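Note that chain A is present in both complexes that follow, paired respectively with chain B and with chain C.
For the complex of A and B:
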């Protein structure tokens, strides 16, 4: 069975994660409950003729995938696998609004064509002329992990040598307003918005696209090896520790083997204990990191964490802005990521140098 | 007629999201498709909807489109002669 290596990364997020080394320009925004993307120069990657019909999620996905391919120094991949929670929600909103505004008349195809969840994966394939396996997973907060599992299995089973895998989500104005109404996003006019020591429910929201080139061989530019990925739909607060230990055990590891533990704190006090209990007990002596104060919460925010963990394993440096506690390790060889959204869709991902 | 041409140029730029093109960049006789503005078949559908929604013109014969959508000049002339709103 072949191993899976991360050989290239690309990230477009609510921080400047392009044309930088590793979050040296990161800023925590306590004033906004919805963080906006820091846009790259799209024109450098997509022709104006092609980009004029693309919503930002598609453009971000294309740029992130181009950055990953360049980073991995590859021109072709065998497959493209995408994870997205809400897909191209901007164009979906546009199309549905047009139906209502025009009383189901005068409907044009553009926003409809681009409104499907697999638009990002298909546009990347069109630009790269990749006619291989192309699949999009839409599984809420484990969309990215679903894509990762598929990619890992394809590489292990020798179905593909190189795969572009990523997670992408964009904010749509109307959907954002609905998320504020149902409490998924923190209430307006309630700043400062804290992620780590929040006392209010709802998350600080964000958007982004992170893509990775996975290959079946270790190279000079390899970031990390993907050891394992696990998805569990439902867990109670008091079951997290046992689930984490069981996941580690299945990889012949113990908690003491973990050099950094990446947690998905998103500022939602109602579900914070999922992270807090395990962090303050079983993993109290492990360096702990968080990231959604930088990326915001969204269904594929864990792809940002994956990018972050890969960077840490390659650079062996952890920016101060990511640290939850003051525990340090001399080397960072094995990183465990844990994420969940509102008590559902739990995922554990294990990376090693 | 000049006002209508200006209006059409603005509508086309906005509806088709022609990011780097200004009204001044579109000459009245520039071809809209092919070598001119480089519009394609999806854009043609958008133009048909503009005619219907904003000027009350329903194109019954698709073959008519080719001559109507040649340029801003031909579009404006057709709209002036056939508009119902």
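For the complex of A and C:
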């Protein structure tokens, strides 16, 4: 069975994660409850004419995938697998509003076409003329992990040698206002917003696109090996520790083997215990990291964490801004990531150097 | 045994609320295309649709949902079909084995989003529907209703979505990652998709006529279907009846245009080619092809050319599109057509391609236009979607 390696990364996020080393310019924004991406120079990747017609998520996906492919030094891949929670939500909003505002008349198809969830994956395929396998997963917080599981299975089964896999989501103005209304996003005018020691429900929201080139061979520029990915729809608070241990055990590992534990803390006090219980007990002696104070919460925010973990394994450095506790390890060989949303859609991802 | 075992099926569509009802309609020419009733739309007098003639209230009652439920129509028809499939497979303890659910949808709970979009701020009682918009919401609800706790995910690749969920399910079992997977898809009619397809000018104002030279476009439909796939270990252990097997699958991208298929059907050709490779079957061994056959000028030309390329000098086997019965049910299409493919194998029938009159001028392909009884060992089913997403499944007699 072939192993799966991360050989290239590309990340567009609410931090400057391109043309930088590793989060040295990162800042925590305590003033806003919805964070916007730091835009790359799109014109270096997409012609201005094409760019004008493209959805934000498509553009970011194209740039992040181009960065990943350049980083991996590959010109084509065998498959493209994408995860997205809401797809190109701005175009969905636009088309729906024009239907409602104009009583189903005077509509043009552009925003309908872009609103389809698999637009990002198919636009990348179109640009690269990649006729291979092309899937898009849309299952909330496990959209990206579903893509990872699929990609890993493809490589293990020798169905593909190289795969572009990514997670992408964009903020839409009306949708974020709805998320404030239903409490998914923290209420307005409640700054300072804090992710780690929050007492309020809801999350600080964000957006981004992270893409990775996965290959079946270790190369000089390899970041990490993907040991395992698991998604579990439903777990109670008191089942997390056992689930984490059984996941590690199935990979012949114990908690003491984990050199860093990346947690999806998003500032939602109502579901914080899913992270806190396991962090303060079973993993108390493990270096713990968080990231949503930098990336914001969104369905595929865990792809940002995946990018971060890959970077740590390659550089062997953990930026201070990511640390939850003061525990350190002499070197970082194995990293475990855990994420969930509102007590559902749990994921465990295991990477090694 | 080659291929992954199918042990249960469930379906709700415009031509029936169960597997049996759907089969009767298919073999007795009872079509489900009519004027739209459940959605108020300005296009009501122009378009024809394949609508499930049950109101949301009726669906709520049938599922015995509580008054404060927040099920979209998509989630309700999805749950109905998934429950039927699980029951049909004789599953009583859903988490007994490593069980997963792979669903498929194009627009998730858009039917609720579009209904309440501007009212959310005024009516607090509607706020519960905001989360329905999420593409994963349907799978989430089905999992909850089934009590399924393990792997749950959703695929959205437009009109090929459910083919891909069946494909993923088969791969998860083949690789031993799961023992049992419930696979399929659901899509309810929505103003959003009606108007989307309308602006693309691919909706017919008449009954759709796949592979006919005068075809004008598609009729949209709504449906949900799920199938239960199980490992051979479970089959052996529980001495289970196998309905048919998923013996081949292939996915490829046309990489030609966001919403149009290439003239030569590259993606479709590659998807079929891969499916034959996986199954180890030769094209000549296929007894019936359930074509995608949406009846848009573009799809049928592209698919027909791809079929001609696959079959080269050989005769293309009996083929038909069942969309004149059901309409094009988007992300659910491949799931309902998977059920129809299994029924074709079980009953040794080829369904008629209704409304066909004049062969297309581009090639000499003529679909089967009447119900035909013959031995069916292998059925090939095509599904293609926006974004160039092309998928092929092959089902075989167990």
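Everything that follows uses one rule, which is that the second predicted complex is superposed on the first by the 353 of 353 C-alpha atoms of A that agree within 3 Å, B and C clash if a C-alpha of one lies under 4 Å from a C-alpha of the other, contacts with A are read in each partner's own complex, and residues count from 1 in each chain.
Quick note on the criterion: a contact is a pair of C-beta atoms (placed from the backbone, for glycine too) under 8 Å apart; a residue touches a chain by one contact, two chains touch by 3 or more.
The model shown is predicted, which means the values in this text are computed figures rather than measured ones.
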Once both complexes are superposed via chain A, do chain B and chain C end up clashing or fitting? fit
When the two structures are laid over each other on chain A, which of chain B and chain C touches more residues of chain A? C
Between chain B (first) and chain C (second), which, if any, makes contact with A:52: first, second, both or neither? first
Touch check for A:161: first (chain B), second (chain C), both, or neither? neither
Considering only the touch criterion stated at the top, classify A:277 as touching first (chain B), second (chain C), both, or neither. neither
Contacts for A:251 in the overlay, against chain B (first) and chain C (second): which applies, first, second, both or neither? neither
For chain A as apex, the angle formed with chain B and chain C - C-alpha centres, to the nearest 10 degrees: 70
Partner chain in contact with A:221 - chain B first, chain C second, else both or neither: neither
Have a look at where A:325 lands relative to chain B and chain C in the superposition and call it first, second, both or neither. neither
Check the residue A:200 against both partner chains and state whether it touches chain B (first), chain C (second), both, or neither. neither
On the A-aligned overlay, A:125 touches which partner chain: chain B = first, chain C = second, or both, or neither? second
For chain B relative to chain C post-fit, closest CA-CA distance rounded to the angstrom comes to 9
Under the contact rule defined above, give the chain A residues that sit at the interface with chain B and also at the interface with chain C. 105, 107-109, 113
Within their complex, chain A touches chain C through residues 80, 85-87, 92, 95-97, 99-100, 103-105, 107-109, 112-113, 115-119, 121-123, 125-126, 128-140, 142-143, 146, 149-150, 153, 156-157, 175, 178-179, 181-182, 184, 230-235, 299, 344-345
Of all residues in chain B, which touch chain A in the complex? 16-20, 38, 42, 45-46, 49, 52-53
Which residues, counting only chain C, touch chain A once they are in their complex? 41-43, 101, 105-106, 108, 110, 113-114, 117-118, 120-121, 127-128, 130-131, 133-137, 139-140, 143-144, 148-158, 164, 168, 171-172, 175, 177, 191-192, 195-196, 198-200, 251-259, 266-267, 270, 385-389
Contacts from chain A onto chain B in the complex sit at residues 48-49, 51-53, 102, 105-110, 113
